[in-house]
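By written order: A, B, C and D. Residues from 1 in each chain.
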Amino acid sequence: MTVKVAVAGASGYAGGELLRLLLAHPGVEIGALTAASSAGTPLGQHQPHLAPLADRMLVETGPDTLAGHDVVFLALPHGHSAELAALLGPDVLVVDLGADHRLSDAADWRRWYGGDHAGSWPYGLPELPGGRDRLRGTKRVAVPGCYPTGGLLALAPALAAGLVRPEVTVVSVTGTSGAGRSLKPHLLGSEVMGSASAYGVAGAHRHTPEFVQGLGAVAGERVTVSFTPVLAPMPRGILTTASARLSPGADGATARSAYLDAYANEPFVQVLAPGSWPATAATIGSNNVQLQLEVDADAGRLVVVAAIDNLTKGTAGAAVQSMNLALGLPEATGLTTAGVAP
Amino acid sequence: MTVKVAVAGASGYAGGELLRLLLAHPGVEIGALTAASSAGTPLGQHQPHLAPLADRMLVETGPDTLAGHDVVFLALPHGHSAELAALLGPDVLVVDLGADHRLSDAADWRRWYGGDHAGSWPYGLPELPGGRDRLRGTKRVAVPGCYPTGGLLALAPALAAGLVRPEVTVVSVTGTSGAGRSLKPHLLGSEVMGSASAYGVAGAHRHTPEFVQGLGAVAGERVTVSFTPVLAPMPRGILTTASARLSPGADGATARSAYLDAYANEPFVQVLAPGSWPATAATIGSNNVQLQLEVDADAGRLVVVAAIDNLTKGTAGAAVQSMNLALGLPEATGLTTAGVAP
Amino acid sequence: MTVKVAVAGASGYAGGELLRLLLAHPGVEIGALTAASSAGTPLGQHQPHLAPLADRMLVETGPDTLAGHDVVFLALPHGHSAELAALLGPDVLVVDLGADHRLSDAADWRRWYGGDHAGSWPYGLPELPGGRDRLRGTKRVAVPGCYPTGGLLALAPALAAGLVRPEVTVVSVTGTSGAGRSLKPHLLGSEVMGSASAYGVAGAHRHTPEFVQGLGAVAGERVTVSFTPVLAPMPRGILTTASARLSPGADGATARSAYLDAYANEPFVQVLAPGSWPATAATIGSNNVQLQLEVDADAGRLVVVAAIDNLTKGTAGAAVQSMNLALGLPEATGLTTAGVAP
Amino acid sequence: MTVKVAVAGASGYAGGELLRLLLAHPGVEIGALTAASSAGTPLGQHQPHLAPLADRMLVETGPDTLAGHDVVFLALPHGHSAELAALLGPDVLVVDLGADHRLSDAADWRRWYGGDHAGSWPYGLPELPGGRDRLRGTKRVAVPGCYPTGGLLALAPALAAGLVRPEVTVVSVTGTSGAGRSLKPHLLGSEVMGSASAYGVAGAHRHTPEFVQGLGAVAGERVTVSFTPVLAPMPRGILTTASARLSPGADGATARSAYLDAYANEPFVQVLAPGSWPATAATIGSNNVQLQLEVDADAGRLVVVAAIDNLTKGTAGAAVQSMNLALGLPEATGLTTAGVAP
């Protein structure tokens, strides 16, 4: 038995990665592929790597074209999902890869995105405490932002166990695909190759409230987050470096133990052997998270490093993983922990 | 029913890519993983992207450790396969990813590699005329070199149809993984990033006789090949640009027709729509070949461009494709034509 | 004594490289910096690497803003230089980095660019036979295209000496800055990193007639040129691989001798020691050309490889070198042969 | 009048960059170029980008070959400079690009490097409080490590003014040339391209005590430093992201004011206009530091980002700048603030 899925926003990077994963998923049939300005052109013009779908035509994104599917993935710019989702009916599984349904606080939404708050949906990060239960059987999923995925997985066990103070710093080095296909001068190959640059610094990035919300829920208290994204010359991958001051009594052994416990049964989180440190290349194309931690005794801080593929575990892989949970399929169906390297 | 496979040379790039593909192959069980100096260490130290096999121990390469498998892949430096293969018994399927059994002419072998000629095995490029038949049911496969894979697929239809003169030029722009993991100064990241460089120019590269042999067989006459490899700053991929003077009467229409005919039923060769040109990124991690051709009327030449992933279709994917044919499995089992991009 | 120079098109890549070189030139004073849509903004917004000029304001490109300078550099899209140059007066040295004045044949111009032919100016490649004399004292310079610079320098000595047949193949691997700052999807960092791709194949690139014109003049007969540009993941650099069939009697020794003679006194062409092959990284930021040649006896062809920085020797460096000759300054003033590597 | 300079370690990346700068320095004559295992070979084999010095022979590093020079630069692995410097005589200006003379505390030296402590020399970072005076007329210079250069410049003004608490986090994204030419598997191009990875995490990197020493001196109290280096796929450049909790009463205005004051007269530190953030590409090949700061009011922290070229301002440029001060030359001689971009 297969479910029929539609992908809205099939011409973008998130949509493309989603389709690549769905092609390898034994339980789905790929239905409508929709787009905005690219409607009426074949997918092959936009996603030349998806050879099996090269001749599939893109149709206009709308309730008509998305009707008649069991699952609808929305890979759209923020602000476009809420209205569309409302028209899809309560029995359709709607998985939103955008930001519209991530923040539970309406004031947060207005401050960071503006406009009306659409409400929040179950958050597609099963590895958080209680996260898996919220996704089983749900008809609505808000896929996390790519930066929060790395940052929450890096810090949740320490905050949940009270091992660190609720004041964290996160620097996330990212590939360029996180910015999508937008034609901005600073995203030209000539500009990004050979360069590392910071942007959205000092709390200006829209993923910041998602960090604060997620970490606060885990910690059970307000957590301040100093978040800095850094653009690096690579197409994919996020390397998150997170640190926080140790709580009294916490040390390297208690920290390692907390992480090993938290992720013992997680199919997609790999706490590396001591001495090995994550590299994003090892995760490319996979849904795997590589994670390592160490206590800096001189500085009195816990340092955690996590590597993910921003388009897979950071976006489309999380969407498929969440779909599997929502539909009651084995969670890892269609996903892999083996990356494409070198 | 599954076959048990061993991989000799599991710590290298070719071995790693092979294991990545075998992990997704429903008909195989991965047995012994062997290495030379790395024997006794876990695979995860060398292939951190292969999370599912991280704890598998490497054992010494030899007839003992390779015994008891239905299929043995040899991903070894040239000169190491022949002796080992002789010890594996005639019922074992041996797939050699190295050069030892590619050249049929003993004098060619001695000139280009030196030492004794081990004889040639069926050539693992099913897309050549008669290629598929030679592989069905065989117990021995010589996987082509990565450059000849691109070059032969680019030129074979034109030479077979007599559309071009038997004097071709091939410039192949390659990623660095083709050189393997050898610690050579010119392969350091600091040297290759931001640089394109030529090497093995003017007929000096060891893949040249493989071009000459393969194209000559297709053309039915001696073909001269001017081959230049160019190292580009990317980990994977080969973009082959091949050209030759048109024969009298040949033109763009006859050329396109010859290529469409030759590759009409090939699962892994995609002749692009007119106006689209191949990019290696579209093939990464896949067994797909993207190909385009055009006649340059002013210069009187046919120009063909082909993109492959050197580690997949150029090495490990061809090995799996050949194994499938040798074992009588569906040819595409465990392989995909969807690349990992961007 | 210094000359006052203006740069039209100061916000683009060619204009930026020109300004970088002019900052180090002891004989010039940098005057007006002009732009189109960016007029009214400081240069620092567009060229953040030019710290010494960060606060200089861009003014509108036009005869008024360019008046009052001894030298005017035009780094504009093709079709914009001719009219402007006509307004600048015969005593001003006008150096056109665009295509408008490169082709001497009006029919060629119309076929490749369309519109009225502006006539040709002395060609800014002093290393060609007679090239230096044409530039001394001139008031008008047409700077060569970046691809022809590499290709003409690679092939001119062989064709001038009759060592090869007048039918050449050229494959040029280029960095992305050659395409300028245009916001095109295929130039996004996510697309170009990790990928090699061909474009303008089979005689479709506008630099082709410039090859044909330049090589024909050197050879004294019509030369056919099969030219293929390949885009590689690097910001700068062109590696040109050129080959042609040897004429009867020509061999490696006569070829090397012809190149050593041709370039013996050239300050910016370095014929490498036998066995060393050019790499673009070695030329970045410099006006140097690295060149190597070898005869492929099996294929009967001469193969020449040349590396340049497309923005320096391929554009802005050639402009400065030509200005020096036109003004009677030492030719190498403000230029270097030391690249920025690694 | 020129001074005669020798470079020990001329075949490495630091030595190569130093020679590139010295070629453009009007006050020096380049004398002996020394190496270890490469002695007896021409420089062109190791530094193909330094065309003007291609034929200069490398000689053995030792007191004999280094004798007779006014200035000796030591670009050697740590542990090799102290003994050699002792043999060079007190009148020779010795500029050590290695670590041997950076740490003033003998216990620190033993903990981090082992062996005997050679004592500390004036620190080649003129931009620190009092830094310039310590370098004027000195005969011995310890060039800072590349990471501390970025980190100290990013944090010194804030700590000196008491604007932040003495507990800082620093994440530095670096190009690969900082690791030198050592043939290590993780530095291969195939490994670094497309990947970001952390190493020396949690206080394990040898530059950590240099941070602690330098920041402590500026702050006048002990400063704890959580330092994480991240390797990114680019040959050059360090992007430093530093943050610390604001002291009571400090805010964005006081912070900006402190930085503008501290760097008002610095030729090589450029505090960017508000809203612009540093990119390493803008500094490549230059001695410039791009710096930006912002207060994150939600997190209560000051965030500072600084971009440098690790080989220029981070190593060889600082060496030349220090030499100029030591010799009484204008500080910027032979240096530029214009980077090579894109």
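FYI, contacts are C-beta pairs under 8 Å (C-beta built on N, C-alpha and C of every residue); 3 or more make two chains touch, one makes a residue touch a chain.
Just so it is clear, the structure is predicted and the values come from calculations on it, not from any experiment.
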{"item": "Which of B-D and B-C has more C-beta pairs touching across its chains", "value": "B-C"}
{"item": "Inter-centroid spacing, chain C versus chain B (mean Cα positions, whole Å)", "value": "37"}
{"item": "Whole-Å gap between the CA centroids of chain B and chain D", "value": "45"}
{"item": "Touching two or more other chains - residue numbers and ranges from chain A", "value": "13, 177, 190-191, 193-194, 233-236, 279, 281-282, 284, 341-342"}
{"item": "Overall pattern in which the protein chains touch one another (line/ring/star/complete/other)", "value": "complete"}
{"item": "Contact set on chain C toward chain B in their complex", "value": "167, 169, 171, 173, 190-191, 193-199, 201-204, 208, 212, 224-226, 228, 230, 232-239, 241, 243, 245, 277-282, 284, 292, 294-301, 303, 305, 307, 341-342"}
{"item": "Residue numbers on chain B that touch chain D, as the complex places them", "value": "13, 175-177, 179, 181, 183-185, 187-194, 233-235"}
{"item": "Of all residues in chain B, those that touch chain A in their complex", "value": "13, 16, 20, 23-24, 44-45, 47-52, 54, 177, 193-194, 235-236, 270, 273, 276, 279, 281-286, 288, 290, 336-342"}
